[in-house]
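The letters A, B and C name the chains in turn, as written, and every chain counts its residues from 1.
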Amino acid sequence: MSESDPQLSASANVETYQPTIAHITRADELTSTEMLLELQLDDGQVLGHAAGQFVQVSVFGVGEAPISVCSSPTQTGSFELCVRAAGNVTNALHRLEVGDWVGIRGPYGHGFPVEEMVRKDILIVAGGIGLPPLRPLINLVLENREQYGRLIIVYGARLPKELLFKDELDSWADRGDVELYVIVEQPDDDWPGPVGVVTVPLRDIDIEPAQTVVAAAVGPPVMYRFVAFELLGKNIAAENIYFSLERRMKCGVGKCGHCQLNNLYVCVDGPVFCYSDLQGLDEAVEAWAPPTAEAGGERQEPGKGHG
Amino acid sequence: MTTQTKPRVAFFDFACCEGCQLEVLSLEEQLLDMVELVDIVTWREAMSEKSDDYDIAFCEGSITREADIERIKHIRETADILVSLGACATIGCHNALKNQFSMDEVLYIVYGDRAEWFDTIPARPISAVVPVDYQVNGCPASLPEFLTVFKHILMGKEYKPPNQPVCVECKLKDNLCVYDKGLLCLGPVTRCGCDAICTSYGHTCFGCRGLVDEPNLNAAQDVLAKYGLSVEEIVGKFRVYNNWPELSLEESQSDG
Amino acid sequence: MSICVIEHDELCALVERLIRQWPVMGPRQRKQQPGFYYFDWLRSADELVWDYVTTTLPPKKAFFPPREPFLEFSRPDPAKVRPITDQGPFVLLGVHPCDLAAIEQLDIAYSDNAADGRYLANRARTTAIIGVDCWPDEYCFCTSVGTEQARGPADLFLTPIGRGYLVEVRTPRGQKLLGDTAQLLATDEDEADAAYFRSEKQRRITAQLETTVEQFADILAEGGLTEVWQKVADRCYSCGSCNLVCPTCFCFDINDDINLDLTTGTRIRTWDSCQLPDFALVAGGYNFRRERWERVRHRWHRKFLYLYTQYGQPFCTGCGRCSRACTADINLVEVSNDLIAYAQREKRNV
């Protein structure tokens, strides 16, 4: 009798959850809570990610966390992660120094449909820690600037000191071919720009709806709802709006169930979704009613239109 | 930590049976591993030396007297990290049973006509008096959680007590549910972390680790009735351990 | 493939031989509480009970353990990050038809898309599976979801008959497994015995979904059932037992466990439950299924709508474990029938 089942062992590879080792080649503090890590996979392996994909990062003894790759896909020798200290794994990542190592699984998930964006006007909407997953897309567009129409970037943060990639923001602002709007919710005395949330500049931007593709990652769940409302109000079709979503993740490969959103797995079917695929799903964008005083945001009254 | 050398650990006790410290002493082998990592400088249960210079303080027991308040404040000021150890320190436990009575009554019950010689205040968990960095729940303190917390402290990790009921650990161990033996169990509303030790030995869980964040105490009144139990009896069971803050049925009703 | 008859003593001898050859897991009676059963590794054939009622945990625990350390590491040394692969092949005995169907479903789900190599490696160690037909209790409803007959990965399947067992040899592996076990020719009488057993089993199944699985999926997709969900949620403790005992549930958590040297440790996969309050909680305190009723709904949706749509069969085998385990007496069949009745009432009212 055979000792194992040939059918099952054909695809049996115990290493699904086995990370590849990567070493840290640069560690920069971007803000008091965000750190930019540059990593190199051992043995010269190339990560080979698409814009909008994420990796599972391991700090052994602490755990794993899903983090978006925030460097351009065309940069292959190394890749970058922008990590906000939010809990145990992310804090442990903050304590790492150049030369330290971590485990990397992935890249996982679906990124932005870059091909569909060629010759289109591109509107990027980023809120807070939403900028890092969009940065590879911005980089790609800037690297092949002539292939695309307008590049409009709307970026909002809570405080001026929480703005990420400040040098890059400046360099984008200096280019004649990027329309950049940066807004903060709580200005300090030196803040020269507008005050409010990302939907504010969005309201005033003139766009050609049929010609525009939107890529958005806007942090708190409820913001997605506001942004969707604003974009639809500008007559942009849901088919041309792409959202990068965040959910709790453990496996990254559609097995552990944690990231499930109705019938979709955010880790496999997303994290980048076309808004038209999310409409009508009561666990996606519409589920989040406007925020109340409570930080977590309040759910819609149960029983209204879904269930 | 204040020193380059091993962190210094102290154990203190307030109103309690000191069972938690005994429980920790029972670790034996793991204790040897622990002292590789830390220096234990004060531990009345285990040693005679005493030091007032420590980084990590494990405090057992409830705060029940004015003098306790001063003492715990001093410990809080001295230690970088304060850990409440065991149910008395984390949720008030049996000590807080007296909160159902007036303080005069309590003194009279305990000390009779010598009552006026003693001062007592409503028993409270340590976190009601000073900020606490880590908690080890359980009566006695759950050893699996004690070790987890110990490791979290040394690795600089935050520890959130698991917001899951004992049933989870009980099921993972393939125990027979004590309900199947016709007994009532508080597992479905009690915070896990003890590795379901009582139900694994065939006993019921009596809720010593406190309630989960959103317990549904009204979940199954008719089921309880089937077991010949009333909601009052259930609350009575809870009272044994969960007296601070006063547990009222209305407050703890599920919102889900 | 082929059919034969094996007498009871011969079967015992076969089990003894298997136990000598491999680790063998099968149903055993609980010493403390007769009448209750669980799957465990067997030391001798007498421990095995063929005619048991459904166990607490399903047999998936043999190849998908509740807590499985799958990776070891040493913090200073990246070369010491290694998969844990110290287990060898084993045999699984005494699996009921519903649980066979569940194993088949897990195989499907875990092979799909990016296959779960860890699971498949463990399944590949499952040298053989012997199934056995069963008597229902009041919670069984396999006939409503089409799992009452042996299917899936059983190499041998036994049906109790007068003079022992009618044995379906379903795979070449099953044939090899029998080895020199005395195999009697199955007579018409044996076949009639087995047919009687099967029809009697079906007759005794009282719990029943009051619609087809297709229509039930439609009803769930249609929605508008919040009132029923909330009624269930009012009773529900969110304790997770219903998921943790389910043979088709496959959600899990991954955590690191470090040793007291603070240097070496293991990464562990643990069964998880979507009913637990923090299942969909992310950093920042956002909980994507915060309300109890949303979690209750998710359990039904996942089993009878999402996975049904994805794989063409509900991920529920009618084993009844969730209802048996629920300390709040939430019964899957009763709730499902409430949903069906509610939907039908609503339809009539519009």
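We take it that a contact is a pair of C-beta atoms (placed from the backbone, for glycine too) under 8 Å apart; a residue touches a chain by one contact, two chains touch by 3 or more.
On a predicted model such as this, the values are computed, not experimentally measured, just so you know.
Shown here, the protein chains touch in all possible pairs. Seen from the C-alpha centroid of chain B, the farthest chain centroid is that of A. Distance between chain B and chain C, defined via averaged C-alpha coordinates, is recorded as 37 Å. Chain A and chain B have CA centres that are 41 Å apart.
Among the residues of chain C, those in touch with two or more other chains are 258, 262, 291, 293.
Of all residues in chain A, those touching 2 or more other chains are 61-62, 87, listed in ascending order. With touch defined as above, residues shared between interfaces to two or more other chains in chain B number as follows: 155.
Considering their complex, residues 61-62, 87-88, 91-92, 95 of chain A touch chain B. Residues of chain C touching chain B in their complex: 30, 32-33, 36, 38-40, 56-57, 61, 66-67, 233-241, 244-245, 258, 260-262, 270-271, 273, 276-278, 291-293, 295, 325, 327-329.
The part of chain A that touches chain C in the complex is made up of residues 1-5, 8-9, 11-19, 21, 42, 60-64, 84, 86-87, 90, 101, 103, 220-221, 246-248, 250-251, 253-258, 260-263, 268, 282-283, 287, 295-297, 299, 302-303, 306-307.
Chain B makes touch with chain A in their complex at residues 155-158.
Across the complex, chain B meets chain C through its residues 30, 33-34, 36-37, 147, 151, 154-155, 163-165, 167-168, 171-177, 179-181, 185, 187-189, 202, 212-216, 218-220, 222-223, 254-256.
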